[in-house]
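Below is one structure, written out as structure tokens, with a few remarks after it.
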Amino acid sequence: MLDIIFAELVVAAIITFFVREKLAAIIAFFISLLPLLALLDWASNYGFAIINLGIENHMKIYLAGVTLHLAITPLSWFFALMILPLFPVIMLYSYSFFKENDGFFALMLLSLFATFGILLSRDMLSLFLFWEMMSWSSFLLVYRSKDKNAIMSYLIFSVFAAFAILFGIIILWHENSSLLLSDILNISGKLGFVAIASIITGFAVKAVIMPLHAWAPFVYSKCDEPFVAFLSGGLSKLGYYGIFLFLFSLKGVDILQNYMTNVSWNYLLAVFGALSAFFATLIAILQDDLRKLLAYSSIGQLGYIAIGFGIGTPLAITGALFQAFNHAFFKAILFLAAGIVAYRTGKWKISELGGLAYKMPFTFMATLFAIFALAAIPITSGFASKWLLYEAAIQQKYVFIAPIMLIAGVGAFLYSFRILYGVFLGENRHDSVEEAPKSMIAALFILVLPLIIFVVFPGYMLDLMKPALQAAGIESIAHTKFAIETSLAKYNSIAVLITLMVAMIPAFVIYKARKHRVTSFEDNYLAGEPYELHKPAMHAANNYYKPLKKVLLPYLEPGATYYFEKIYNGIKCVSNAVRRIYTGYVQDYAIYVVLFLLFVMGWLIWI
Amino acid sequence: MDMIGIAIKITILIAYAIIGTCTGLLFMGIGRKIVARVHNRVGPPFYQNFIDVAKLLSKKTNISHGWIFDLALLFSISGILLTLLFLPIGGVQLLSTDGDAFLVLYLLAIPSLGFALGAGASGNPNAGVGVMRALVMMLSYELPFVITLIALMIYYDTTSLATIVRMQSINGIKSWAITMPPFMIAAFAADMALQGMLMEQPFDIPVAPHEIASGPMVEFGGKYLGSLMLYKAIALVAETTLFVDLFLGGGVVAHGNFAFVINFIVWLALIFLLFALSILIAASFPRFRIEQAFGFYWKYEAIIAAISLIWVYIMVIK
Amino acid sequence: MVIHPVLLIAIPLITAFIIPIFKKYGAAIAGGAIAFNMGYAIGIFFHVYSNGKIYETIAGFNPPIGIFLAIDSLSALLALIINLFAFINFVAIGKEANYKFSMLYLLAIAGSTGIVITGDIFNMFVFFEITAVASYALIAGKKDKKALEGAIKYMVLGSIASSFILIGIALIYSQLKTLNIYDIAARIASMDAKIKWASFAMLLTGIGVEAEIFPLNGWVPSAYQGASEGVASLLSFAPSKAAIYAIARLMLVIFPFHATYEIALWVGVITLLIGELAAFMQEDVKRMLAYSSIGQMGMILIAFSLASQDLKYALIASLFLIVSHAASKSSLFLLSKSEKMHGMASKYAGIVSVLSLIGMPPLAGFWGKWYLMLAAMDEKLWLVIILIFFAGIVETAYFARYLHRSIGNDGELSLRYKATMAAMASFAILFGLLPLVYKIASLPLWGG
Amino acid sequence: MKSIELLGKGEEMHGRAYIKLSADEIEESIKKLKENGFNHFVMLSCVDWLDKGKFELVYHMWNYEEKEHAMLSVDIDRNNDVMKSMSHLFPQIETYEREIHEMYGIKFEGNNRLTPFLLENWPHDPPMRKDFDSKKFVKQMYESIPFIEGDENEGI
Amino acid sequence: MGLHNGDKMMRYEEWSKLARKASKRSLWMVHFCTGCGAIEMPPVMTSRYDMERFGIAPMATPRQADVLLITGYLTVKTLRRVIQVYEQMQSPKYVIAFGSCTINGGMYWDSYNTIKHLEKYIPVDLYIAGCMPRPEGIINAFLELMKLIDEGKARGWERYQKYYDKYKENQRRVFNFEVKEEEKEEKEQKREKNEEH
């Protein structure tokens, strides 16, 4: 059944290259539903029993003389549930987003093919093969943005990640001479440590953990929105899938641990996660370009997942996976909403936007819900995941990480309000704007759906996770449908919801007691100055956090790109030195030949 | 829980909601009296705030700026009532067994986010700038407060407020957190953060009447301003109760059958003391600029809180 | 049915000498000859694919004297590549090829195919001479200053190289009195050690100049830059591939010792690094591609040197690398005719070839890198692996810059030209997917 | 008095130099004084001599070293009240000219900002002119506006 | 701007007695400091006179305020701003006018651009005589206003709604300095007089 899906994906990708964009969108939409069907069918007939499919019913692909083993496992099922729904939604969204068909749908289908491949691959070669497929198909989507920084940084970082993973894989292959993932258990010592470390760094590049995140702001802010929604929502989760696979499912943690016992290595991952959450949030607050702001906020939120994996206790991992699930959806909503705003007004800068709430009510509502989930307001599922992470940090008494995580959480309020106020509220300077086309709104609200389900039943999400965790040998934490119980405290989401409804009654009574009259925008208090006299500029959102910027900027100044710039220049002067060897005179070359001859003879005869 | 139990619980919740509001308004009135006395003035009667709220709610015309503006009213009162009910008040655990300190910390954010939306929807630039200052203030005072919170949690190895109160009230005042030296420092830092949370004078930058025409509240009038006053009152009670629960054992002194009454009185007294302290600080300090406030919290307060955190960490590890 | 591989050389040589008579139809005749050659090469490839090696002696003399042709899996594949791409390239060159050009073109093809399939070392020297002379003339064909400069450089170094090869062969002949590679390999041990190493050094340097090894490839940048696109593409798949094959023949068959393996390995690594780093800062597209092919040659040399220690994966890696380099580099050279990648076909060709060179999956380049890594891992050469990675990243950097610079839609190319480019590039995909190369590489090598 | 020596004419009045000039001399005399220490332009005032039928424009300048106040006075005919603008010498003259234009109706060529300044949409002729009878205007303007008598007159 | 017809007339008796009692003891004022009266306000707030004991507090914006204090003479230009502030206030709202300038123009009785009788343009509930009344006068005025509210007589805001169009007519005339017709031909005679002069 899987090979049919793979074949259809490739065929569809080729077809959509040549078809008009509306038709291409429809084809892409239906084809991208197929992997989801595979998921549901797997869930239905195997049920949630933990069956680790043996090698025999793996699906085999013969490629250039090599066989690839593919099969659905509980872990990949959970991550697939998080990533694959994004594709049909993005196809639906971009039905009316693109004016002409320049290969967007085809490349998205290729990325879907590669993502599905990564999730299903059961041996290191196919994992690496699909991982590379993913990086070049997404590179071609980045390539459409025609921006030098985005193209170069994305390709270089992807290839660096690929080589890191390849380095790890060949060591593992060499140690126990079998490429199957399930055989990595019996590796240890220095080689094992180097292998696992390089694989984790490889995956960390795509998971946008702080020191390796330099490519993200360029790419997120230059490519077209539907792709960036997938990039930040889905692709980063693949990075975390890899980390989870190698750290927990395949006991990478123990390999790291028993090599250097005194240092707890996964704590390092937590520290990097905390740094990336903290600094990315602070930088996000000071951004004026909407897409850059969303990019840094995405890096910040992903930092939480890294912290969860870093802490490593079952509680932390559950929190991290829950956060990954939420992040996939609310970040996709935010980027798609930014796309709608740009589609309608053609502007990116927050200072140029403003007052779109009344003109685009549905977009505003979807963004509002996503922002609430992002800022972890208690009535949303975002809070449940962050709460689990906080609990885990306190349980492990990580004194350095816990405050940074909490401050990053509070920082999330600041930039989320900057988006709301700057783009949707305040003075409306775009009168001609009307609501986004139907397909885009539908896409947004489909994405809002899963967030709502887990608002009321966080416990349900932990049931979804149970098979994945058990497969990795981590027992799930106690939870009922509504409440999550940990050794430190209990979080009962339904209690919060009901009390909020009840507490809403007095507010509603006050609201309804007196009639109120809605006035226009002009009737604002401007120290008595009548608005229509000389129409003062009323949008307070440009350079919104000026005092904070004045205080924070000196500390945030040398960004990550500064260091990568230095490396780039280093290579540049080395290559200049090398180029000087080719002087361009034939006699030099002739001398080189003779010298080479003497060198070889000397080497052979005397040594 | 059977029907009767639920019914009792609901009545207790409603009772405490009303008590919270009334004490809040009462304290604000008394607070204005204290400030007046500091200014060597007669000052308004202590029930002045009740009158103000009654007047605001009885305004004939109320001007609003659309449905997002009304969100402010709905979110503010419901959000802060929710926070109040998740705090153990005077030893009585209302709903605090279902949630914990992080939940309360984030619940405090619902009303302020509702206000921010309402102020933003009004379109007045003063409101926008006011909300920006409120959020920067929040970011600044959260750091010391969060560090002290974590210090407490690590020491008592729990995050739920109910258990913290229980562990602090084992043998009365001696077991209060503030009696232990590291927590004295933490209490000082948390009290400064409390000053910011209550938006009292040195840190009432977001609602500065002279610079930005009372910040976010520029377009609020009539019932909207009334709901704001109610929110301010309940918030006062909630935030001070949070401080009391964390450091002063939630006011739980006695454990007998009449313990309920004694604890309630002790809780009231503690809250009033805290509020009076912050009012006195307010009466004697000019308003800070926003960068100064941010610097104050993130440099000095954070260091103090960090010292207490490390001290507690060492104690806990040993 | 009986296969006579000698036709592969004979037909092009004969047609080359006939063409001056029918001046007008020169191009057509040449086209016919190349087409025949392609068909025949495909026939031979599949013959070898199904039932192993073919030996053939010409003019009835037995090995020590008569010319002896030996085609095994390696040479069959190379012959296929050279003739297949020669035909496509000729289609791309099309009308510009007057009879003089097509004559030289045929000579170059005949020479390269000859090197690949001959079993006699002196015969290989003769074919080296033919290809070298043909390439000098072809490069100079463009008649502008840069072309002449490139041609002269290539000629000077080429002549030095051929003299070294001749001395090398003479040394071997003086000791073993035979020119047949098979014989030499069998009786190499009986040679005096000093003369043995000297002959290896001479041969390595001589052939190395043609195979663009590090210190010997001074001529490469200016030659490729000077030559026209068709010729540059020809240079990238015919002579350089034949030369690297000759070194492989040298390494695998005649001198399979540990010392020679180490020399070749480190020379390969240095060539790779120098090639990539030099290309990093190149502004001119053709020069950049020239340096990049130096780098790729270095990598193929590493692969062959590992293969000489009869590591299972190294040979597969080298074949994949040769195929990928031939396919993508020649299509890139053709593409460099127009500054920008305009239209769907040239975008397809450009991107596929770049991705194959960088080493992205389903393309041949990926398998090359994958198996190379496995082989290197067997030998536990940590430094070599790290350097290959570093070179890979540098290569990605300048190809990314190249891709960015070539966005845009000016520079119109004819449809025929674009079709040929796309065909060449899609070979990278074809070889990446089909298990051809994997099977052919596992066949037992000749004379080893 | 330094300014009198500089310009060669004018006499000393209440400790200040009062110099009578014609319309075209005024420009270079201001420039001259400006270079010689009179770098502070105090103000531009205008007097409406209704009976003599002329406006008198007085340019007041002050010299800090000499502690001397120079008053350069120019007379303009009341009916064709046009004067060249001096704003290119001192930027603040432009504001004074705007006010005088609004209050006296004198047109200053070269000053392109003669827009309404203190009086919003004032349709009548300039109020400061002597022939403008402000008492009568007040009677017509403000008295003519009726009080608002409520029928049941509750409250005041 | 100003009043929308949707806002139907409020009958006074609907008000409960308690509401009037509450609004009496908690008057929030915004003072439009035009003329010289503004300097009288600080002493009223500070400890000597302390208006806060009557529940009177200074507010920053008209939305939050009940009482508008006009503290001095009003030129036509500032009247436009005062009316904007008045209409932004939420009823029930009261106006207290300071000093003789607001009663009958005061010493600027003959000036061409100052407003003479303020109640022609906005309903004034209370005048305070004096060429800038002392703080005691202001406190007394507030007490007077409280008595009026108590007896339900301070209904300026209702008069503004009832005679809204008359007020608007007066405001429009004063803003555009419209003068009656007979004044036109007087101007013609004056012009001829000037010509032959």
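Labels for the chains are A, B, C, D and E, by order of writing; each one numbers its residues from 1.
To be clear about the criterion, a contact is a pair of C-beta atoms (placed from the backbone, for glycine too) under 8 Å apart; a residue touches a chain by one contact, two chains touch by 3 or more.
In this text the structure is predicted, and so the values were computed from the model without any measurement.
Shared contact partners of chain A and chain B, listed by label: E. Chain closest to the overall centre, judged by the mean of its C-alpha atoms against the mean of all protein C-alpha atoms: A. For the pair chain A and chain D, the distance between C-alpha centroids works out to 71 Å.
Each chain gets one centre point, the mean of its Cα atoms, and the points for chain B and chain D are 62 Å apart. Put simply, the C-alpha centre of chain B and that of chain C have 79 angstrom between them. Contact with two or more other chains is made by no residue of chain D.
Each of the following residues of chain E touches two or more other chains: 7, 61, 63, 80, 88.
Annotation for chain C: no residues touch 2 or more other chains.
By the contact rule set out at the top, the touching chain pairs are A-B, A-C, A-E, B-E, D-E. Residues 7, 10, 15-16, 18-19, 22-23, 25-26, 28, 46-47, 50, 52-55, 58-61, 63-64, 66, 88, 90-92 of chain E touch chain B in their complex. The touching residues of chain E, counted against chain A in their complex, run 1, 4, 6-7, 32, 61-63, 80-82, 84-85, 88.
Note for the complex: chain B touches chain A at residues 13, 17, 57, 59-66, 68, 70, 73-79, 81-82, 85-86, 95, 97-103, 105-107, 109-110, 113, 116-117, 120-129, 131-133, 135-136, 138-139, 142-143, 146-147, 149-150, 153-154, 157-160, 163, 213, 218-219, 222-223, 226-227, 230, 289-291, 294-295, 309-310, 313, 316-317. Residues of chain D touching chain E in their complex: 53, 118-124, 127, 131-132, 134-138, 140-148, 150, 154-156. Of all the residues in chain A, the ones that touch chain B in their complex are 355, 357-358, 372, 375-379, 383, 386-387, 390-391, 394, 397, 399, 402-403, 406-407, 409-411, 413-414, 417, 420-421, 425-428, 483, 488-492, 495-496, 499-500, 502-504, 506-508, 510-511, 513-519, 521, 523-527, 538-541, 544-545, 547-548, 550-551.
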